[in-house]
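In the two complexes that follow, chain A is the common piece, with chain B as its partner first and chain C second.
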Partner chain A sequence: MTDDLKVTVQRKGDAAVLYTRGYINNLGGEEIASRAYELMDDGIRVLILNLQETKIVNSIGISILIEVIEKMTEKEGRIAFCCLTPVIQKTFQIMGLAQYAKIFPDEASASQELGLPAAS
Partner chain B sequence: MTDAVDRQVELTLPMVEDIELAVIKTAADLARKVGMGSVEIDEVSHAIIEACINAREHACCADERIYLRFLGGITTDGRAKLEVWIKDRGVGFDPSKVKPREPGKTDAPRKRGWGLQIMRAHVDDLEINSGADGTTIHMVKFSERRRDD
Partner chain C sequence: MSLPFEPAEWRKIGTDRRRTGTWMQLTATLFDELQAIEKIAPRAASASRRRAETIRDVLARHLSFKRIAVYLDDAQRGELVLAAATNKSGMPEALERLCVVREPESVLEQCDPPAAHVVPLASSKEVLGALILGGGGQEVLDESGRSSLRALGAYLSALLAASRLASEVRDGDFQMRLQMWELESLYDIGLSIASMLDMGQLGDEILVRTMSLVNARRAALYLRQGQRFGLHQALGGARAQFLDDELSADSVRAILEAGEPVAFEKGADCIFPGCETLVAMPIRSSSGEVIGVLAAADREFRDGSVGPFEEGELRLLNRFANQVSIALQNARLHRDALDKQAIERDLELAGSIQSNILPRGLPDTDGYEIAVLHNPARQLGGDYHTFFERDGIISACVADVSGKSVPAAILVSALHAALQLLFHERRPLGEIAEELNRHIHRWSSESKFITFILATIDRRAGEIRYVNAGHNPAFIVLGGKVETLHSHGLPIGILGASRYEAQTRPFPAGSLLALYSDGITEANNVEEEEFGPARLTDILTTNETRSCAEIRDTIRDAVHEFAGEAPQYDDQTVVLVRTSA
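Let's turn to the complex of A and B:
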């Protein structure tokens, strides 16, 4: 049984939105990290992770997301999350992820806060 | 206390990558049958996921099996109830020696060790029995709403 995570990227100038689809476990977290690090190496300093199509996470996957946030913070960039289910948002808060990155109800509000063009 | 509509499922599964997805599907199917709401099912599912990955990562059991029992029912005051027992035959651990993590303390490698706190946050009752013959985690989740609400 697998529910491999799919990540798609939409670049918006020097910012990008990562769209996840599926389970954020260790492999899913590593896939997000890999894509995020590629973008950072390419100069991206503002990143939104849109989790609308992700319904389950685990603590290993979230720990990898915290590492991504830390790496972006080292580069003086910003990361935000949007479109979380209530339970994923609660899990993020338990693990303290909400202390490192802002969480928005939708992509439009995240884009506005981070200065990206509005979602199409 | 539950009435006569209790439904029970027992499973033995291999400890393989992503087996927790099969476990939460079984739990969700049963929880829906007894009338539990989607957010409550989502909460207990995330608790089950953490219990399964803890068993897979830390139990070190020779049989590499996870033993599950699910019991769904309705309480006498009309709320849906789901109980789940997750057992491994591993080396066990002392739950009192697992120190709660603090959000924001990211010094540990991979920022790991959140499983028990996540489980406790997502269910109404959590009991851990662990010893030399393995570990059993028993969790209970109730729906907020009564069936008649």
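Let's turn to the complex of A and C:
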């Protein structure tokens, strides 16, 4: 579980979904940020972070996610989270992430809300 | 009017270029563009560099200076650092903060070639940065030009101060939320893990929460095993035994004796191979005993480094360890209860098996009246009785196995199987007892034995043959007189070479045989007096004319009444056999 976080990306037109697997700490957060910034530089303005395979997040990981949200906001894009464990969802709410990025129970509802093509 | 500014657009304006209104308009454009630095996300690692680059680019577009260098404050280094420049060559990499305000000339001389102007960027409390400008024919400025530079500096200072303030507000908000999250987490963890009864699931949750709370990269839970701690679960790979070497013996002692956390800045490898920093937090039970250790390793920092755990994190971990202790004790109690339930189910099953060993009904043989009392003290008893009927002759057996519960029940089963085989081989009573003795002696443990009486009553012959191997004396009652059938051999299983010879006594019609276990005669009352054989024989003689069933009930009631509130410690068995003509 504490192996480096793995991130996979699925692009859907002008949007993308990032799938994380593992611990969102400093290393994991940086990996997510790096992939997210690449996508933003590539013109992606709608990003869904699917955290289904992530069970732990620490405060440093959270601060990096906030940076990612701020950067996307700066570019007038949108970010949403989906498939959070109850613990992580509560953490995001307390830490204020939920103020700037919507949280959805599943990827389908996130995609629908953000206007992504239906999951293949 | 001499201006330090030579905006690119200025040249295109032509004849209007020296009109004050045009200059003001262009300056306002410059100021508007500088406001872009407010939009840069304050938390981003690159925010400082991006602000400097924005300033450089805006100034380069609007001013005629060829050399523009932007220095911004680096709190960690405690100086102003060159963050962006049109050309970094010849520019000092860093400047002393106060130097730009107090000794601007020395700052300019540090540049190669020397620059023309230094513009401090400062609030009333602190220096935020500086601009160094030069080239472009603007080396000497008149008062108006110097005023313009001061205005530019003041404006940029205000923007940077606002950005810093926004950043501090956000950091403060983040810290406040973080503390709230820690408190909420502790509360949630308490609720969550206290209701977790599976040790594996509980261990996983504890480790996840630990890593999350103190920003650790690895965590392990050790549970105490005597004077050592055995690894229960780990995330990130940990050694199987905690501090299992001589070097760390002092640390283990400190945890066990003082219950204090042990923080390692060196030697953390003793728990997590390859880790750099470690804290081992004792988990103490409600009685103060250290029941485990919660270890966390490699505390992360935002810059990607790992370092020692700080005071606040140790305090947080300590509080968490208290909740872990409660959860572990709950889970253990639950596991014990489950184990107990499993044992009870096993005992119930074994009790059911044993009850099937005992006769379900009584022999219905002409000329014999039989009654039985079997009252076990527990689910599994050590008393045994059975009957055999062959050729109109009844044999009755009562035995009492030493010990209680499962071991006794196993021996009862062995006795039952062997006795059934031997009796149906039509062997004489003495031989049956000797074979049983050899069998039990060989296969049971040394401390186990069986008192045993087996009697064959031939009503037609009017005699009784019996073997009494260390059992309570049986009684024959007839006409108010009692004959006692004493033991004439060692209990079964004590000595492999024991010999048993069947005894014969007259048993005329109407005689009543009473076999019983010591649970009857040794039943205690609250004064710890025994019921005794005298009370039993008294009942037998007094009630001799009544049916066997009535006599049995009388014995049962008398023992029960005698014992009163005293608990029943031993199985109680009575077998009554009476013959008729």
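Just so we're on the same page, the second predicted complex is superposed on the first by the 118 of 120 C-alpha atoms of A that agree within 3 Å, B and C clash if a C-alpha of one lies under 4 Å from a C-alpha of the other, contacts with A are read in each partner's own complex, and residues count from 1 in each chain.
Keep in mind that, in the parts below, a residue touches a chain if its C-beta (ideal position, glycine included) is under 8 Å from a C-beta of that chain, and two chains touch if they have at least 3 such contacts.
Values in this document were obtained by computation on a predicted structure and should not be read as measured data.
With chain A as the common reference, chain B cannot sit beside chain C without a clash.
Once the two complexes are laid over each other on the shared chain, residue contacts for A:71 go to chain C alone; chain B is not touched. Of the two partner chains placed by the overlay, chain B and chain C both lie in contact with A:57.
In the overlay built on the shared chain, the residue A:23 is in contact with chain B and with chain C. Contacts of A:99 after superposition on the shared chain: chain B is touched, whereas chain C is not. In the superposition on chain A, no contact is made by A:7 with either chain B or chain C. When the shared chain is aligned, chain B and chain C each come close enough to touch A:90. Within chain A, the residues touching chain B in one complex and chain C in the other are 1-2, 23, 25, 55-60, 63, 66-67, 70, 87, 90-91, 94-96. Of all residues in chain C, only 39-45, 173-174, 177-178, 180-181, 184-185, 188, 192, 208, 211-213, 215-218, 235-236, 300-302, 304 touch chain A in the complex they form. Those residues of chain A lying in contact with chain C across their complex are 1-2, 23, 25-27, 30, 55-60, 63, 66-67, 70-71, 73-74, 87, 90-91, 94-96.
Residue ranges on chain A touching chain B, taken from their complex, read 1-3, 23, 25, 55-60, 62-64, 66-67, 70, 85-87, 90-91, 93-96, 98-99. Chain B meets chain A in the complex at residues 18-22, 24, 39, 42-43, 45-46, 49-50, 53, 101-106, 110-112, 114-115, 117-118, 121-122.
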